[in-house]
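One structure is given below, encoded as structure tokens.
Per-chain numbering from 1; labels A, B and C assigned in written order.
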Amino acid sequence: MNCRQLAEQVDAYLDGDLDEVGASACRGHLRTCAACRDLADQQTRLRAALAELPPAEPPAHLWAAIDARLGAAEIADSRRGALATGWSRLVAWLRPVAWPVAMVGSAGAIALAVVQLRGAAPSQPLALRAPVVAPAAAAPPVRLALRDALDERADLEREADGRFRQVVSELLPLARAEVATWAPRRAQAFAHDLERREQAVLVASPGHVRERAWHDLTSYLERVALGEQVAMGGGR
Amino acid sequence: MSALRALAASALAGLTALAAPAVARADDGTDGDGDGAVIERAEFEAGVVGRPVGEITIDNSLGDVRIEGYDGSTVTVIAVKHAPDAASLRRLRVESLANPDGSVRLTTLLTERGSGGAERPAVALASVRVDLTIKVPRAATISGRVTTGRLEVENVDAGADLDSSTGPIVVRNVAGVVFARSLAGSQRFEEVFGSLDSHAVDGDLAFDSVRGAALTARAYAGDIDGRRVASKQVRLSSISGSIDLEAEPQAGGSVAVTSLRGAVDVRLRGAVGVAVRARAGGRVTLAGAAAPPSSADRWIEARYGARRDRAAVQVESRFGDVSFALVQ
Amino acid sequence: MASTAVSDIPRPRADLAAAAMDDATLIAACRRGDARAMELLYHQYKRRVFGLCHRIVGPVDAEEVAQEVFVRVFRGLAGFRGDAQLGTWIYRLAVNCALTQAGKQRRRQEVGDDHLEEVAAPPVASRDPRLSRRVEAAMAELPAGYRAILVLHDVEGLSHEECAAIMDCRVGTSKSQLHKARMRMRELLGPALAAERLPGGEAP
């Protein structure tokens, strides 16, 4: 067993997923290789650290907030017939979930949910009122469904994704035309490299991490489209 | 208490002691920023006391970032927050994390309106911002990210890795390896001594006085403009933008300039001989004279100057014109 | 105070099957709108659901996402066909909601209180609070998908079979994603993990 093989198997070894022969080979290599012992030590330490993360305690008022949302949703259901046309139009403007959002008063009281929507109607903000039975516990945090800077930022992220998607869709035919002139093996490597980069975009969280993955994908396609010598199966 | 713990603890203590936020109401007349706007300025040091600063990562999606290298050994941050009201101001946060390995991370964020059980009014993105000015030791390696703000880096010696979505990136007097990526933001580099790799989709790229092992610059729709480029391996490409380059080729080096749809204009100066090949779907002009008709798949070749250690030069546009000239 | 609280709380264990006996009764009662049954179900799953949300979307959004998960659970129980364990189904909803939220906005990490120029050490209770904080900071750097599998397997202690059922993927995919996530964590934590190794905590 060499170091590369150990790095691939160290997870399975530490998880106890290897058979006795495989485990023994790992142990043998670890006896003789300090660098891999370090790797295994660090992985062990990482597992311990993850398992020992302090548990996240749900806040005491969580159930009350859920109960209030359920109540509001049921009332919304009962009115859906009357509100149907307006409702489906409004839902698109609510975030992040399409439940009417409640301002909940003191225990046992009836509160009003006022949801103001900017830009939903051509001219002025709309107001939607839905009575909600307040829960008999601490009030959950109030949420007003106005368009906020965070929504605007999410919009910007979507716009960026949209532009990158458009660029990729324009580059793909150019790149494919170039790849059509390649030998089959090389063309296969292209398909693989492309998929790897697309995958990277998909798993990246939004923001600069995803934009980086997009840059990697677009600059790769640019190089292929321009007929540059592209290193296959890896590299920037 | 271990030495490491002591270090980390002293770093935290240092941060806490140095943080000195000062809130000013804009309608006091001191910091005018529109009706009733609130501005808060805080200055603090980041880093672990007694540890050289290694890598510094700055992530600010809420405004500008300006990073200046200096001869000191600590990281000094000036954060200026702008918000339309005090409640919104409290949603703007600057987080600083110093690790005992010398790395420092600064992050700005806008918290949820309802975070911490508070109720805060919605706020327009354009009305809140955080600008960071950071003084860093010259030897620090920079990692900087902005979204719509301006990202400026000046006077550092250990390279930089820069990302922007729509804000401009400006780099001046930097040594070491530099990476830069932007979607629509322009990128400008002056006096870069080291390898430089830059990619933009819609932004323009401009280079002035770049000298290093390699300059790689790619734009999708943006234009590329290069002045006093003296890197050994130069590769500029654009899909639909134009490229204008004035460079000093290096002995044994290469200059490759390609656009798919745009025009390519390359002027070279200096004593090094060059072997040039050019092709274009449009017109090819070589050293001031119209070259024999070319096509997108037929190279025209020419050699100029000294024979030894010639630099390889390639200028190409699939659908546009190319021109190549030697200038003094 | 915090440390006793932590040691008193039994860590959730990976026996989703053990709860199955009562599930059918509980589900039936919840479908009838029995308020006590609903609350019971909530308390049975709240810790792990909130934990998943907290680790995947971060502390700021955890509560909102957890609310959404349970609202979907109760509104979706009528359509729950019992082709999966109730726990698996609930955790799948939780992971999906959390990943959706993580996709909506870059994860933001709470390190201290409202004005975070001053990074105060949060009252974290674990064997080594510094390492916990770094582990959490490193997790925030992971792509959301990696974070999810890491939380399910290494933090919550679920088996690969359970992870695969929750993530709706093959066991092999679950294993390979976890391997990548751990390698990425090691890269992110490198010096921190190594530093921990020194007995007595001598600075390297």
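FYI, a residue touches a chain if its C-beta (ideal position, glycine included) is under 8 Å from a C-beta of that chain, and two chains touch if they have at least 3 such contacts.
Small disclaimer: the values here were computed from a predicted structure and weren't measured.
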Most centrally placed chain, judged by C-alpha centres: A
Top chain pair, ranked by number of contacting C-beta pairs: A-C
Farthest-lying chain, centroid of Cα atoms versus that of subunit C: B
Where subunit A and subunit B are represented by their mean Cα positions, the distance between them in whole Å: 27
For subunit B paired with subunit C, centre-to-centre distance based on mean C-alpha positions, whole Å: 37
Gap in Å, rounded to a whole number, between the CA centres of subunit C and subunit A: 14
Contacts with 2+ other chains: residues of subunit B: 61, 112, 114-115
Residues within subunit A bordering two or more other chains: 141, 143, 150, 153, 207-208
Where subunit C touches two or more other chains at once, by residue number: 64, 106
Partner subunit C, residues of subunit A touching it in the complex: 11-12, 38-39, 41-43, 45-47, 49-59, 62-63, 65-66, 69-70, 73, 96-97, 99, 140-141, 143, 150, 153-154, 157, 203-209
Residue ranges of subunit B touching subunit A (in the complex, touch as defined): 59, 61, 110, 112-115, 117-119, 121-125, 127-128, 145, 147-148, 163, 165-166, 181, 183-184, 197, 199, 201-202, 218, 220, 237, 239, 258, 260
Residue numbers on subunit C that touch subunit B, as the complex places them: 60-61, 64, 106, 108-109, 111-112, 114-121, 130, 134, 137, 191-192, 195, 198, 200-203
Complex contacts: residues of subunit A adjacent to subunit B: 118, 141-144, 146-150, 152-153, 156, 160, 163-164, 167, 171, 174, 207-208, 211-212, 214-215, 218-219, 222-223, 225-226, 228, 236
Subunit C-touching residues of subunit B, taken from the complex the two chains share: 2-5, 7-8, 12, 15-16, 19, 21, 42, 44, 61, 79, 90, 93-101, 105, 107, 109, 111-112, 114-116
